[in-house]
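What follows is a pair of complexes built around chain A, which joins chain B in one and chain C in the other.
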Partner chain A sequence: MSAADFIREVSHLPGGEAIAECIQCGTCSASCPNVGLMEYSPRKIIAMARAGMRERVLQSNSMWYCVSCQLCSLRCPKDVKPSEIMHVLESLSIKYGLDSKRTRNPAMYKAFVDSIKNYGRIYELGFMIKFCLKTNPFALFGLMSVGIDLFLSGRLALTPSKAGDTGQKVRALLQRAHAVKEA
Partner chain B sequence: MIELSLIPEETNVLSLFRPKKLVTDEALRAVYDAFVQEFYPSELPLAKEGIAKLKRESGFDPEVFSEVVVCGDVLRREYWGGIAEGEFTEENLVAELEKARNEKFDLKEYQGHRIYADKRDEFWICFLDAGKLALGFKQMVAGILEVKAGAAQRIAADICRSFVSADNELVKMTIEIPERMRTWIDRKTERLSEFSLQLPLDMSQIEVSLATGVSSLRVRVQARYASEERAQEVVELLEGIRKIAIGMIKIPEITQLLKRVETGRSDSSAGWSLETPKQELIQAIKEAKELLGKIFK
Partner chain C sequence: MKSYSYFPGCSCSEGSGIAYDISTREIARSLNIELLEIEGWNCCGTTPYESLEEFESTCLAARNLGLAAQRNLDVVTPCSACYLTLNKVDQRLTQHPWLEAKVNRVLEGEGLNYHGGQIRVRHLVDILLDKDTLEVLRSKIKRKLTGLKVAPYYGCMLVRPGFGFENPRRPVSLHRLIEAVDAEPVSFALQASCCGGAFIISEPDVALNLIRRILASVKETDAQCIVTPCPLCQTNLDAYQGAVNTKFGTEFNIPVLFVSQLIGFAMGKGFGGLAMEKGIVSPMELLRSYSPKRKPGLYPALYFYLRNFYSYAKKLSRD
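Here is the complex of A and B:
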């Protein structure tokens, strides 16, 4: 895939449209609270994407540390919406199986989406069990005190919520969305 | 039985699981399936599907492991791990795990042992001998290897004592409750003490075990308190609550279960055990749908 193909792919996805407008002022990097955890700052990741460094961009951990605080998007003088670009890069990274193994966020996103697909809403206990099984099963034991705390506060159900046929409806909705996208 | 002398000194939770027996035990499987069919037929998987899902998601096949000892520090989130024993080969198990996790492990060396580490260097696996491995958070696996090499102290004998006789249990867990945790429990249960009763949560150690017979299940809980008097108080308090419940609950299957609870005290330990035929428990689950539904809502 050439540099032009990659930038076209990013800019054709919702949220990535303005990537070519970036003037590399670095306001996004200066605003980002998580920049210290990222391999490449938001400014740099945009520059690398535009330079067609597809694999290095999609394999990096940068976009997985974006917490969508929107500070970058709010302060961007060209309305590039860097946080939206980060999410576009996340979805491309999963699509091409290049998601960084140095962060657990992709595994967490996948477990979250699976929970929504299965139950129509988030089933916290099942979601955490699945996430820990994929990353480190012993983390479940370490999270016990948080779980007990949440349970005693009425914030953690032991079993999935019975929300009628919400799960089926959400699955149908997602299938329809995929069909529209494919078409 | 796994050699507990490899567990590091800082451990205050020790649990023994027999995964192979757990997943193949017919009595347990029937009780779980009855619960799911009655309450969550479309939400939760039946035992067979659940085990297949567990294998697919984690790469661990429970039927391969005859015994797993899980240990950790209840106050430290990243100090958990264990030693597992079973019929597996290093190559096959690593391949299964890599496939399920969709990542290749990095190879390292620690205390003369080969370590398989994930890309974040958080989760470690180390094959100790044929059919035996240590796994878990890096800190715990490193601790186990240090104990093995004689560079660190092993766990106190006191916490291991009850495991010597753990021949039939499918699950057994012992928790040494540190002072900080007791304070935490006190704080969390303040709301529950509105009746001026001192809740029986001031134990220094608690043991829970689950065992099955041919067609029965046995659950045993034993708690150690600061003194004989306190243990006696707790036994009397819970015995009173049990008798009131037997008088109040109008579901015969539940009262029958409560009648089967045996209480006892030995020195400063209070113990409760429930042994019930599998069929009786399944019947109780079916009959008590409304009551259990409120508990598990």
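Here is the complex of A and C:
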């Protein structure tokens, strides 16, 4: 796959349209609260994507440390929307099974989405337990104290939401979405 | 009476931000706003779903818009993350006709249909700032909050990237609402910085540090409480304040209210109706000084006694 192919793939997904407009000014990297944790800064990852370094881009942990605070997208002088590009890169790395193992965020996102797929809405307690069991079961002890606080103030639902047949309808919707996407 | 389709979102409806939903419904009634909950709404998908499966997440958010379009009223949501996601998807459907056609093929299966821009998605803060609503609010103020110093914490998604009602570089909406109830807004440096969001689960060290920075920035001012329009921000700043104190050896003890709770309080609503007891850093002491004293009933008293006992025991075990 050539460099041009990878740029085309990114820019054809909603959110990645403007990747070719980037002038490498670095405003995004300077605005990012988590840039220190990223293997490649937002500016760099855009440059690498445009250079066609597909594997290194999709295997990196950079986009997974994006908290979607949108500061880069607001400040970008060329309206490239780096935070949206990060989401595009995330979904591509999942698509090709290249998601980084050097951050727990992909696992958290997966547990979160499983909760939506099961119930149609987020079941906070279930998703947190599932995420901890999949990554580090001992992390549950760390969450316990806050969990008890939330429970005592009536802010922790112990069972998933009872929203009628919403779960069923969402599962059907996602099945149809999958079929339409593949078609 | 103004009517809106109401989209509470997952964390407000029965999760950690439930106090936001309760207090929003409570104040809406008195402000001549009718909130008609969208029947059978689902999670908007927010950042995690979009990051894993772009197209599926677009369909998921579009289903809510399709459900709302049946009633043809503007959508109101109190949650900043839902506000961003629903607006973004609406924008994308307008921008890409091919995407709209594809999404509608999925929605058809449930008899739904949605065209980009068909309805507006507005945030609770936005509709409260409508001129006539603001007038009704001013006329219904019962408690004098003069002198109460409130730090407006905007967070990210209400202001950025911006969907019309707010200046994303210099947000003012919360300042205006705080002024409307005669309290005093106190600007602080990190008022629109990120609280870490869901990273508190996956990367707690990263998020706790972001929370500490925000709390320290509030502490530099003489604000007595924080007000926020986002359920994630409230949970992070409030429920994790103790964890920040343990980790960094700080002594933050600042209540974090939802914007609807502050407004309801100024309108003379009871603490219970605004779910004030759900604050982990209790705002009771602060708010009682602005409210005539009343003897609590037996069960609330027992409840508070038990909770105080629990936090005292926890403090002992920490020391």
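Here is the rule we use: the second predicted complex is superposed on the first by the 183 of 183 C-alpha atoms of A that agree within 3 Å, B and C clash if a C-alpha of one lies under 4 Å from a C-alpha of the other, contacts with A are read in each partner's own complex, and residues count from 1 in each chain.
Here is the rule we go by: contacts are C-beta pairs under 8 Å (C-beta built on N, C-alpha and C of every residue); 3 or more make two chains touch, one makes a residue touch a chain.
Since this is a predicted model, take the numbers as computed values, not measurements.
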Exercise for the section: Superpose on chain A as described above, then tell me if chain B and chain C fit or clash. Expected result: clash
Exercise for the section: Considering only the touch criterion stated at the top, classify A:R8 as touching first (chain B), second (chain C), both, or neither. Expected result: neither
Practice task
Figure out whether A:R102 sits in contact with chain B (first) or chain C (second), or with both, or with neither.
Solution key: first
Practice task
Once the structures are superposed on A, label A:D149 by its partner contacts, choosing first (chain B), second (chain C), both or neither.
Solution key: both
Handout entry: Contact breadth on chain A, by residue count: chain C or chain B
Key = C
Practice task
Look at A:F141 in the shared chain and tell me whether it touches chain B only, chain C only, both, or neither; answer first, second, both or neither.
Solution key: first
Problem - Partner chain(s) touched by A:R56 [first = chain B, second = chain C, both, neither] - result: neither
Exercise for the section: Check whether A:K169 is in contact with chain B, with chain C, with both or with neither, and answer first, second, both or neither. Expected result: second
Problem - Partner chain in contact with A:A157 - chain B first, chain C second, else both or neither - result: both
Practice task
Tell me which partner A:L133 touches in the superposition: chain B (first), chain C (second), both or neither.
Solution key: first
Practice task
Have a look at where A:G120 lands relative to chain B and chain C in the superposition and call it first, second, both or neither.
Solution key: second
Problem - Clash with chain C, by chain B stretch, listed 62-70, 134-142, 152-160 or 188-196 - result: 188-196
Exercise for the section: Using the superposition described at the top, list the residues of chain A that contact chain B and also contact chain C. Expected result: 103-104, 135, 139, 142-143, 145, 148-149, 152, 157
Practice task
Could you please specify the touching residues of chain A with respect to chain B in the complex?
Solution key: 97, 100-104, 119, 123, 130, 133-139, 141-145, 148-149, 152, 157-160, 162, 167
Handout entry: Of all residues in chain A, those that touch chain C in their complex
Key = 13-15, 33-34, 37, 63, 65, 67-71, 73-74, 81, 87-88, 90-91, 94, 103-105, 107-110, 112-113, 116, 120-122, 124, 128, 131, 135, 139, 142-143, 145-146, 148-150, 152-157, 161, 163-166, 169-170, 172-174, 176-178, 180-181
Fill in the blank from the handout: In their shared complex, chain A is touched by residues of chain B numbered 13, 39-40, 42-44, 54, 57-58, 60, 70, 72, 74-82, 100-103, 118-120, 122-123, 135-137, 140, 184, 188-189, 296-297
Exercise for the section: Mind listing the chain C positions that touch chain A in their complex? Expected result: 10-11, 13-19, 40-43, 45, 47-56, 58-60, 63, 84, 92, 95-96, 99, 102, 105-107, 109-110, 156-157, 160-162, 168-169, 193-194, 196-199, 201-204, 206, 210, 235, 239-240, 242-243, 277-280, 307, 310, 314
